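Labels A, B, C and D are assigned to the chains in the order they are written; within every chain, residues are numbered from 1.
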Amino acid sequence: MPIDFEHSAKTKAVTDRTAAVIAEHILPVEDEFGGDIDAAGGDEARVKLQQSARDAGVFAPHAPQEFGGLGLNMCDRAPVFEAAGYSLFGPLALNIAAPDEGNMHLLAHVASPAQKDRYLRPLVGGQVRSAFAMTEPAPGAGSDPSMLTTSAHRSGSGWCLTGRKHFITGADGAGFFIVMARTSGAPGDRGGATMFLVDGEERGVHVGRHIATMDHSMVGGHCEVEFSDVRLTDDDVLGEVDEGFRYAQVRLGPARMTHVMRWLGAARRAHDVAAAHVAGREGFGGRLADLGMIQNMLADNEIDLAATRALLLRACWELDRGHAASAETSIAKTFGAEAINRIVDRSMQMCGGLGVSDDLPIARIAREVRAFRIYDGPSEVHRWSLSKKAVRKIRDTALTSS
Amino acid sequence: MPIDFEHSAKTKAVTDRTAAVIAEHILPVEDEFGGDIDAAGGDEARVKLQQSARDAGVFAPHAPQEFGGLGLNMCDRAPVFEAAGYSLFGPLALNIAAPDEGNMHLLAHVASPAQKDRYLRPLVGGQVRSAFAMTEPAPGAGSDPSMLTTSAHRSGSGWCLTGRKHFITGADGAGFFIVMARTSGAPGDRGGATMFLVDGEERGVHVGRHIATMDHSMVGGHCEVEFSDVRLTDDDVLGEVDEGFRYAQVRLGPARMTHVMRWLGAARRAHDVAAAHVAGREGFGGRLADLGMIQNMLADNEIDLAATRALLLRACWELDRGHAASAETSIAKTFGAEAINRIVDRSMQMCGGLGVSDDLPIARIAREVRAFRIYDGPSEVHRWSLSKKAVRKIRDTALTSS
Amino acid sequence: MPIDFEHSAKTKAVTDRTAAVIAEHILPVEDEFGGDIDAAGGDEARVKLQQSARDAGVFAPHAPQEFGGLGLNMCDRAPVFEAAGYSLFGPLALNIAAPDEGNMHLLAHVASPAQKDRYLRPLVGGQVRSAFAMTEPAPGAGSDPSMLTTSAHRSGSGWCLTGRKHFITGADGAGFFIVMARTSGAPGDRGGATMFLVDGEERGVHVGRHIATMDHSMVGGHCEVEFSDVRLTDDDVLGEVDEGFRYAQVRLGPARMTHVMRWLGAARRAHDVAAAHVAGREGFGGRLADLGMIQNMLADNEIDLAATRALLLRACWELDRGHAASAETSIAKTFGAEAINRIVDRSMQMCGGLGVSDDLPIARIAREVRAFRIYDGPSEVHRWSLSKKAVRKIRDTALTSS
Amino acid sequence: MPIDFEHSAKTKAVTDRTAAVIAEHILPVEDEFGGDIDAAGGDEARVKLQQSARDAGVFAPHAPQEFGGLGLNMCDRAPVFEAAGYSLFGPLALNIAAPDEGNMHLLAHVASPAQKDRYLRPLVGGQVRSAFAMTEPAPGAGSDPSMLTTSAHRSGSGWCLTGRKHFITGADGAGFFIVMARTSGAPGDRGGATMFLVDGEERGVHVGRHIATMDHSMVGGHCEVEFSDVRLTDDDVLGEVDEGFRYAQVRLGPARMTHVMRWLGAARRAHDVAAAHVAGREGFGGRLADLGMIQNMLADNEIDLAATRALLLRACWELDRGHAASAETSIAKTFGAEAINRIVDRSMQMCGGLGVSDDLPIARIAREVRAFRIYDGPSEVHRWSLSKKAVRKIRDTALTSS
């Protein structure tokens, strides 16, 4: 039957179990340590949190069933990931945190059977963590990937990889890296890039300083990483040579959407905290929740939550049908990132002084979500891309009709 | 299969036929008369425009098949009505313009078989027009329906109806009115209201002046109407006595959504005109479409179109399942009305001086859509209602979990 | 004493007299004819309205005293023009409407004594109207003046002027035109432009159709004008040859500010009407003015009015000191135009259905002010210019400090 | 001469000297310690920073000259405080940080000569710090001061003070407190409050935990403080009994404005950092500063900086004339707080990943300024107050004109 917004019974069940384990086992840990995963114990905390999710039967819900996951498609992931994102530690607990989650998705689609056994299986199982090494310090690849400077060249029967990366999330302690390196062309033109699987223990891999940022919920930091003459074989090539930019899209479209799902959960928590606050507080002759300006903010939050969810599901449906869905994911990501920040900001405002304090979780949620308007493509880059498509569409229509 | 955004083949076909008849037969008339239906000939123009839609097999697509319509449900209507709304005269042509469209919906759900034969059948067929008489001059019912002053009291075996209404769209020339009148309680409390079917020729019905407003695309104006001791029988009661407020919701939820559909089409036309303009114009050393600030506006339009469509479809799906969907329709209406106005405003800005002139259709679209942020519940009233639901939800959650 | 925001006693007196004549003699005419100057009688109405202002001693307050004006500088004009702008017909009444007001300013600064006697004196006196012919249909000069195509070339001892203009406000019935024409370089480079004074009766001057636009308060329409081999002498050159772009700035900086002043008055009227409406209406259990969402809009209006006024005065002060004040006028114009539109939009929203009707003046004010975000430089062009200055400033700071 | 925006030579000189000492001596310390005053050494750091300002002759520029300050009025303070605010540690260095700066202002206006000698003199000199104890945990005084619960009652010839406060900035280590306590009426009505001067060493004063908040630049934390039967004499009453709410206004109006001044400096730094970043970076085929979407943000920053400065100066001028300037300070505070947050947010966005990292100062500036939309009256409370004035004004006009 056409048009249906109803999730399957299985998805609903996983969502409910996720919400329950988050409320019972994950939120208390987040709240105790103020959302700082290092303070909570870093990798050790991760192991414990993941055990809770495993016990609840909601571990790695997105991963292929043959590798130990629940095999949910993109549409199914939406409510589950949102439920997990309700706690800043939730995604880690379910093993659906960035960058591992996106890396699993990429490996599942592009890796060879041998690579899947070696890298995907332990990643799904939570035995190792991973990192995705793409962004570089200026003048390298940032928002504009064509500026990629890290390069790999043929060396005997293998490859020699050299370059500097930064803001590499989860690098410290990562079992392996997926590294984007130029294999043809020169920085500034697009040329060809190739993805390499690089073991974290490999000679020539140097994880440098953690770049301190506003967020604190991710294990392994946002690091500088240097690759110095790292020797690799053809078996370390992920997919085909020179197809890296295309695979990046395979990873990025869904990864953007799962980010939206997770942060949507965090935004919902901020909203719930604020709604409870204004429902319970008095001032100006009545309940805060009955003041028109507060009602304005509550309603705008409801609207932003609903719109983000609607755009997200639409993009997921396109992805599940095998479409690139570049416009749909750009729209859902851009709107979602901005809406999520608005929701959290309004929630903070509604809570007054408490809102900016660590006595409520809103201030830390605000710190975590801000960067989402920048990473996975800044809003400006998505808008640029959307505008180009809009003009192309008009041109095509004009050509057709004339 | 759960989650599906694909429209049925039938719906797609109706949508395509609608787009075609709009482009070929309706837009030229709109453009010739600058979107002013009175200038185009008023009711006579309506008859001709409707013949085009009839010939294309897309007339009254929403009406029950037994009364001559195509029987599309709410989800199916969305793309069809949007395609019709691409011209300001499109809804009239398809016989899906306000207020007739909402009145057909209401009659189909509430009227007795006899009433359907007498009122619904000719309305679906385009033989008559109708009006919905609810809003009143101060201090009567406006945004706050509880202030209803028009009243009907028992008089012998029938009723005697008295009161003043204003902003009654389509009143001039209407074959009949659906009149909301108080039958119990007093203005300011909710009490009970009843809907009456009143023939336009009935003694005591006086259609007064047309209140001039920004929009010009609706036949029959926005009029003052006075009902002076109009004598009615029990057969003229629509549904049950004192159930009028409830029926108003039956009408209003879907009516809000069909408004969004139609205006979304108009907004899309404004966007298309602007995109074509900036794609074809040079300035500042290049094509306008390649300037970042223009790209910003194009992209924001794409985002607003997509988000409105997504929220709309979601609300329609709830309505099709028989839910009141009060929150979903409030969200889609509020977001949609504001987004539509933003889209049209940006489109105007992109076209510069031409944008505010009548050489392009954008200025007249801007005039038509502005009121949509006010009628069918101003944004503020929907936000007020949404905030109350948000607080209730939090309260219920708190009660459940404690 | 440094820092003073107090206007002189003279300015206050002129402001008060202006407010009085507007309330007593001008608003009633505007309201009677719904702000449509053509409906009110066009040029004949102008003559009557101007007599009222003359009788009140507030006619041509900005013009040099030697030519019959009151000699107010830019800072002094601010409150007077705002008071005049409170009615859409007010600027016409005081002879400070665009484009005459800006033309007087330009002539006072650039014209020769003979030109002042011939053109400025009757213009100040209200005996003639004038037009400023700069913008051209594509691909000519619009937002980007370097695309100027109208040109004048030497022909014997004089000049021969040829070109097409459009959106020339007040052209129909104008006693004379100030025409911007290229006298060196080619469209697309800047080259040199010259301003010519062209009598409206001159052979080769053809005023074409009125381009219908959203606004209706200006005498003489927004016209297409064609100049076909118009013969001119050196005495018809305004200022120096090839200095036209520079003079345009002399005109545009102050003209932008006087636009802000006038529209600020109109916005204030919309706000006053809305404030009075919500103060007098009941709904939702109390006075509309006591609802938080209404209070939000009232307060935002107050903020926007104050911020526009503050930026305006600052820019005027710079202009009065003889500075080009390009950044200051861009800021005041861009912020002001957008703020004025926001104020009027909120005022409309507060008045509900009445707000979009002609029963209140807000809808017509909305139609008049929309174009101000486009003419005198669209917001986008001002932002582009401001950003370039911001970057230059940073570069200079960096150079200085290193 | 009426209307002047020019600062005096003295003010300009103090501003220049301030900018110099900030650049040379204060910014390096801020940058070394990431804007965390505790990390920098807390009170010891303060002493050193203040010595730099003293050496530069810009210490306590706002304090009365007889007590060792420079005696600048509100208008003069604006550029000086903005220059100081360019570093997060600048206000501390100049001894113009909250809450000391506002307390000095209050004491200068209300304290007796003996109180000035005992409290004001060492405060101006930087020998002690102070705190202002007004806000209370729920259900006490927050945004609504009428809910004040801390109370003082007559006890013999003196007073006995009891109550709990929270978010008391600078409490830890404060030499004295200015405490707001109810001396008549009951929580919920306005009644009367009195200000008491309470020595930090006084028996019954307990400074509790530091409430962790987003900001880190203030010495002495935001603390919980308990006053348990603190014994006070009539000499400890600041001003008159029951006049506390009125004095709070004396403090709050100017304190709001000096907050705007300081944060405006911080916002300007964020903007400068971003402008330098985009001027020096390449991407998408050119300099980032030449991309339209970046230019949009740069220009909006310039507009917001200018508008904040303009509204601020206007309010200061009213205060300097001895007016309460309640509307003017509400407008400048509300607009300023929101504009400052927008500026910092756009600056962060322009810097991409670096913007959210601690490698640039923008992220920490963002953390510091967020609360300004909440403290000193949340935007919502100011808007509520502004709307009430707007309606009163309209009512008065209506009464006058009828």
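Methods note: contacts are C-beta pairs under 8 Å (C-beta built on N, C-alpha and C of every residue); 3 or more make two chains touch, one makes a residue touch a chain.
The UniProt protein names, listed by chain, are A, B, C, D = (R)-benzylsuccinyl-CoA dehydrogenase.
None of the values given here were measured: they were computed from a predicted structure.
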Note, CA centroid farthest from chain C's centroid sits on chain A
Report which interface contains more C-beta contacts, comparing B-C against C-D.
C-D
Note: chain D sits from chain B at a C-alpha centroid distance in Å of 51
Report the inter-chain centroid distance for chain C and chain D in whole angstrom, where each centroid is the mean of the CA atoms.
40
Which parts of chain D, given as residue numbers and ranges, touch two or more other chains?
291-296, 383-384
Which stretch or stretches of chain B touch chain C in the complex?
34, 135, 138-139, 142-144, 147, 166-167, 211-215, 222, 281-284, 291, 293-294, 348-349, 352-353, 355-359, 363, 366-367, 370-371, 373-375, 378-380, 383-384
Counting only contacts in the complex, chain B reaches chain A at residues 1-8, 11, 23, 75, 271-272, 275-276, 278-279, 289, 292, 294-296, 298-303, 306-307, 310-311, 313-314, 316-317, 327-328, 331, 334-335, 382-384, 386-391, 393-395, 397-398
For the chain D and chain B complex, residues of the former touching the latter:
291-296
